[in-house]
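Two complexes come next, and they have one chain in common, chain A, joined by chain B in the first and chain C in the second.
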Partner chain A sequence: MREVAVIGVGMTKWGELWEKSLRQIFVETALLALDDAGVDRIDSLIVGSMSSGLFVGQEHVASLLADYLGQTPVPAARVESACASGGLALRMGFIEVASGMADIVLAGGVEKMTDVNGHEATYALGTAADQEYECFHGITFPGLYALIALAHMEKYGTTREQLAMVAVKNHDNGSLNPLAQFPFKITVDSVLSSVLVADPLRVLDCSPITDGAAAVVLCSVEMAKKLKKPIVKITGSGQATDTIALSSRKDITWLESTFQAAKKAYAMAGKKPEDIDIVEVHDCFTIAEICVTEALGLVEKGKGGKAVEEGLTALQGKIPVNASGGLKAKGHPVGATGVAQAVEIVKQLRGEAGPRQVKEAKVGLTQNMGGSGGSTVVHIFERA
Partner chain B sequence: MREVAVIGVGMTKWGELWEKSLRQIFVETALLALDDAGVDRIDSLIVGSMSSGLFVGQEHVASLLADYLGQTPVPAARVESACASGGLALRMGFIEVASGMADIVLAGGVEKMTDVNGHEATYALGTAADQEYECFHGITFPGLYALIALAHMEKYGTTREQLAMVAVKNHDNGSLNPLAQFPFKITVDSVLSSVLVADPLRVLDCSPITDGAAAVVLCSVEMAKKLKKPIVKITGSGQATDTIALSSRKDITWLESTFQAAKKAYAMAGKKPEDIDIVEVHDCFTIAEICVTEALGLVEKGKGGKAVEEGLTALQGKIPVNASGGLKAKGHPVGATGVAQAVEIVKQLRGEAGPRQVKEAKVGLTQNMGGSGGSTVVHIFERA
Partner chain C sequence: MPTPSRYWREIPQRYRLEAGKCRNCGFVAFPPRAICPACKAREFETITLADAGKILTYTIIRVPPQPFVDQAPYAMGIVELDDGVRLTGQIVDCDFEELKIGRRVKIEFRKIFQEGESGVIYYGYKFVPE
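Up next is the complex of A and B:
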């Protein structure tokens, strides 16, 4: 297998982009990544999108986007693993370059979620769970994470305030990210007094509904050296699954797919949790970030809430988590999220993250999760 | 890159499977492929599905199916390229094995299409076209192929009867395939007197709405030799795109994505059209098979209709096309179709195709197409 580098990244302002179509959002973003990489051709396009069919009535999006990007006849593939579709696009692009099937791959993600009403969006997001045995019986997607939160509070003494602190931290970071959907600070009080969605989760515990895209350009390290671009290598890629329904798990506070995906990525990169300088994780709900930091081995099992309270995961903490603002403040256009995580890590490792720059960041990790942990994709990045 | 072999194939009876769920259809099929391969573990699962979200309200299907197949925590990816999703699953599995990322990959496809009504199915299938500029303005998916048929008739003198002969030939072959949805013969007269769908295409020119799955097990040729299984190698894999909307093409009778994908596959395998003994192509409509045989270089441009009339593509012809019955008679569960084509070619190359066995078949080709030719995946298979 060939070594793989990220040589270009692109992201545009996320939010409720009613004046733009899915194709427009993606193409603008992809062009930024291509400009950043300094290349004008690609050998392959991989696009992560969770549910373009339900959100905008369009499947076959990779073919559509290759066309609108002016890149036909290149191969174009859409990949999907619910909210981990972006991470999967990155992984498939990585494999394609590593295998030698393609020299330059554009891996992107996109979702246009605000063209449907709230009921339709809730239905579409529920397709990430086991619809037949979970959502069709009445539970919503936030409801599944509420069950996880209640179990974590019961088992480990995690507090309602600690959940809120995850949102506060991520909005602190997001206030430094001009591309974030909600680039402003919030307080623990505002989280605790926000509308209840699924007890104990309130609306400020939840990531928003977002329109947005993100893209990265991948090539072999050998080719990257010739292009004389700043090189960030992908040194580890891990993907894993768990039971899709919460009811099938022994312990719903433990994200086995994240643990397994991380284990593979760490092994491939020859790294341990303590070697990681900065991480972007899947905080679709505040409780998710707490469980993820535990499953990644960054904190001890059951201590995720305490770690946030103690500032361990803050921008200036020992292991900064979600410097970009995370899904909570940056937004969560589901198919784009995993790629945007990579965009942030690459910017950080290149020292281009501006006011939210983490000092001495040399090794970064992204964790992108589908459903209530049914699938996870983890990548490890290193400055060359 | 490592050499890749198919060591197991599986397919169950296709049709209107109202008594079975998507997961059940897929798992039964996947177990057949694993049994055929004689392996009890996989390193990765790739599933092609065009629109499980619109058809059964379930995305995240690869994670779901890994779970129901008892294979968690293996990585599982759903891939989509409209009706070419199955071919794309095969290609992604091929790349994963070739790269060394996985030793044994289960590549499958599945679609459960009969749980929605006709209006909803028409809408879902239209998501393969450019919805915003084609279907949202009133054209249906059969309408797009009807335009292609009219143009081909006008430009090359292809006759209404020649279109019908494609359906008759494929039903002749399908009558020999017990797993086909419609395993019976039809006549030119019955095609010509069937209900008009989109002039000049009639209902017997159209592939049906089908529930079904197909699966293959891939591994490196090196490993296949150790397993002492009959080896069919995948020696060529090509994928390409074209403009998604017909209105953007110079000549709508020419399938550029098929031409480009085939060119790559031929080059990788070191083969020419005349080296191919048997092909399975994407006859979603009768006119499609005619255009595809031309774009693959099996017949001269404009001569696809005449080739059928002269029996060139019949089971006993010079280059048998769709020995399985094709999409027309075998059925077309969109995400499964591309994988089922591989299942047929592997059976033919192993000499296990029973009454529809093509003699001396040593090199086979599959062509799986998305939308009205917006994307195509081509593979070449050889008996080792």
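Up next is the complex of A and C:
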């Protein structure tokens, strides 16, 4: 396998982008990544999109985007693993470069979610759960994570305030990220007084509906050296599945797909959880970040809530989690999220993260999750 | 709007609670699977799930998906049946204040939702206090 480097990253301002279409959002972002890499041609395009069909009525988006990027006839593929589609695009790009099938790959993700109304968006997101045995009964995504939250509170004594502290921390970080959808701070009180969505989760426990894209350019480390670009290597890549129905799992509070994907990524990179300096995780809901930090082995099982309360995962903490603001403050255009996590880690490892820069960050990790944990993609990055 | 076939082909599970029990290791799969996730065997016998169990976790859905708009707020939970199988479903005929982890519930056959004014009416299982 060839060593793989990220030589270019791109992300534009996320939010409710009424004036921009899916293709415009993606192309603007991809151009930033190509310019950052200093290349104008690619050998392959991989696009993560969870549900362009339900959100904008457009399938076949990989070819569409290759066309609008002026890259036809390169091969282009759209990959889907619900909210982990972006992470999967990164992994597929990694595999293409590592295997030698392609020299320069653009791996991107995009979701345009505000062309439909709220009920339609809720429906589209719901398709990541089991249609016949979860959605059929009236469950929603906030509902599924609420079931996890209450079980975690019961089993480990995690408190309602600790859940709120995840959102507060991520908004603190997001306030330093000008590209975030919600670049402002919130308080524990504002979370606890926000409207209930699915008890015990309130609206400020939930990531928002977002339009956005993110892109990275990958090539072999050998080629990156010739291009004389700052090199961040991808040294570990892991992917795993679990039952998509939450009720089918032995332990509702444990994200086995994240544990398994991380195990593979750690083994490939030759790293342990304590070697990681900075982490971007899938905080689609506050409880998710707590469970993910446990499954990644960053904190002990059941101690994720306490870790937030003690400031362990804060920007100045022992292991900063979601310096970018996370899905909560930065936004969550589902197909783009996994790629945007990589963009943040690369910026951090290059020392280009501005006011939210984590000092001495040399090894970073991204964790991108689909549904209620039915799929996870984990990557480990290192400064060359 | 889905065709009626999407509805009736789920009837063995939704109406009759039919599950697949692995003839090799005894693992119960609901809905049935082709390969046992525990031992990879492919021989299953059809069994009927237990009709009662206890609440493992629950929530109250306040922002519902479209077909459930006129039912919200409503309680949902994951229930562990007496045979160890876990199901997701609505918990009805129970005040929200009386929801409790560990509370005993039984399965009843109920209307789940209907498609508009003249669409298919969907039935299935819900949980009620025992």
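One rule holds for everything that comes next: the second predicted complex is superposed on the first by the 384 of 384 C-alpha atoms of A that agree within 3 Å, B and C clash if a C-alpha of one lies under 4 Å from a C-alpha of the other, contacts with A are read in each partner's own complex, and residues count from 1 in each chain.
We take it that a contact is a pair of C-beta atoms (placed from the backbone, for glycine too) under 8 Å apart; a residue touches a chain by one contact, two chains touch by 3 or more.
Quick caveat: nothing in here was measured; it's all calculated off a predicted structure.
Student: Counting only touches as set out at the top, which of chain B and chain C does A:M92 meet: first, second, both, neither?
Tutor: Once the two structures are laid over each other on A, A:M92 reaches chain B alone.
Student: State whether chain B or chain C is in contact with more residues of chain A in the superposed arrangement.
Tutor: Counting residues of chain A touched by each partner, the higher count goes to B.
Student: Touching A:Q239, do we find chain B (first), chain C (second), both, or neither?
Tutor: First partner only.
Student: Per the contact definition in the header, classify A:Q357: touching chain B only (first), chain C only (second), both, or neither.
Tutor: In the superposed model, A:Q357 contacts neither chain B nor chain C.
Student: Contact-wise, after the overlay, does A:S190 reach chain B, chain C, both or neither (first, second, both, neither)?
Tutor: Neither partner.
Student: Given the touch rule stated above, what does A:T159 touch, chain B (first), chain C (second), both, or neither?
Tutor: neither
Student: Answer with first, second, both or neither: which of chain B and chain C does A:D199 touch in the superposed model?
Tutor: After superposing on A, A:D199 lies in contact with chain C but is clear of chain B.
Student: So, A:E80: does it touch chain B (first), chain C (second), both, or neither?
Tutor: first
Student: Which of the two partners, first being chain B and second being chain C, lies in contact with A:Y123: first, second, both, or neither?
Tutor: Both partners, chain B and chain C.
Student: Would you tell me the residues on chain A in contact with chain B in one complex that are also in contact with chain C in the other?
Tutor: Looking at chain A, the two contact sets intersect at 123, 126, 132, 136, 245, 248.
Student: Can you check the complex and tell me which residues of chain B touch chain A?
Tutor: That would be residues 1, 21, 50-51, 53-54, 56-60, 62-64, 66-67, 71-82, 88, 91-92, 95-96, 98-101, 123-124, 126-132, 136, 237, 239-245, 248, 256-257, 260-261, 370-371, 374-375 of chain B.
Student: Can you name the residues of chain A that touch chain C in the complex?
Tutor: It is residues 119-120, 122-123, 126, 132-140, 142-143, 146-148, 150-151, 154, 195-201, 245-248, 252 of chain A that touch chain C.
Student: Can you check the complex and tell me which residues of chain C touch chain A?
Tutor: Touching chain A from chain C are residues 10, 13, 31, 56-69, 71, 74, 76-78, 86-90, 101, 112-113, 122, 124, 126.
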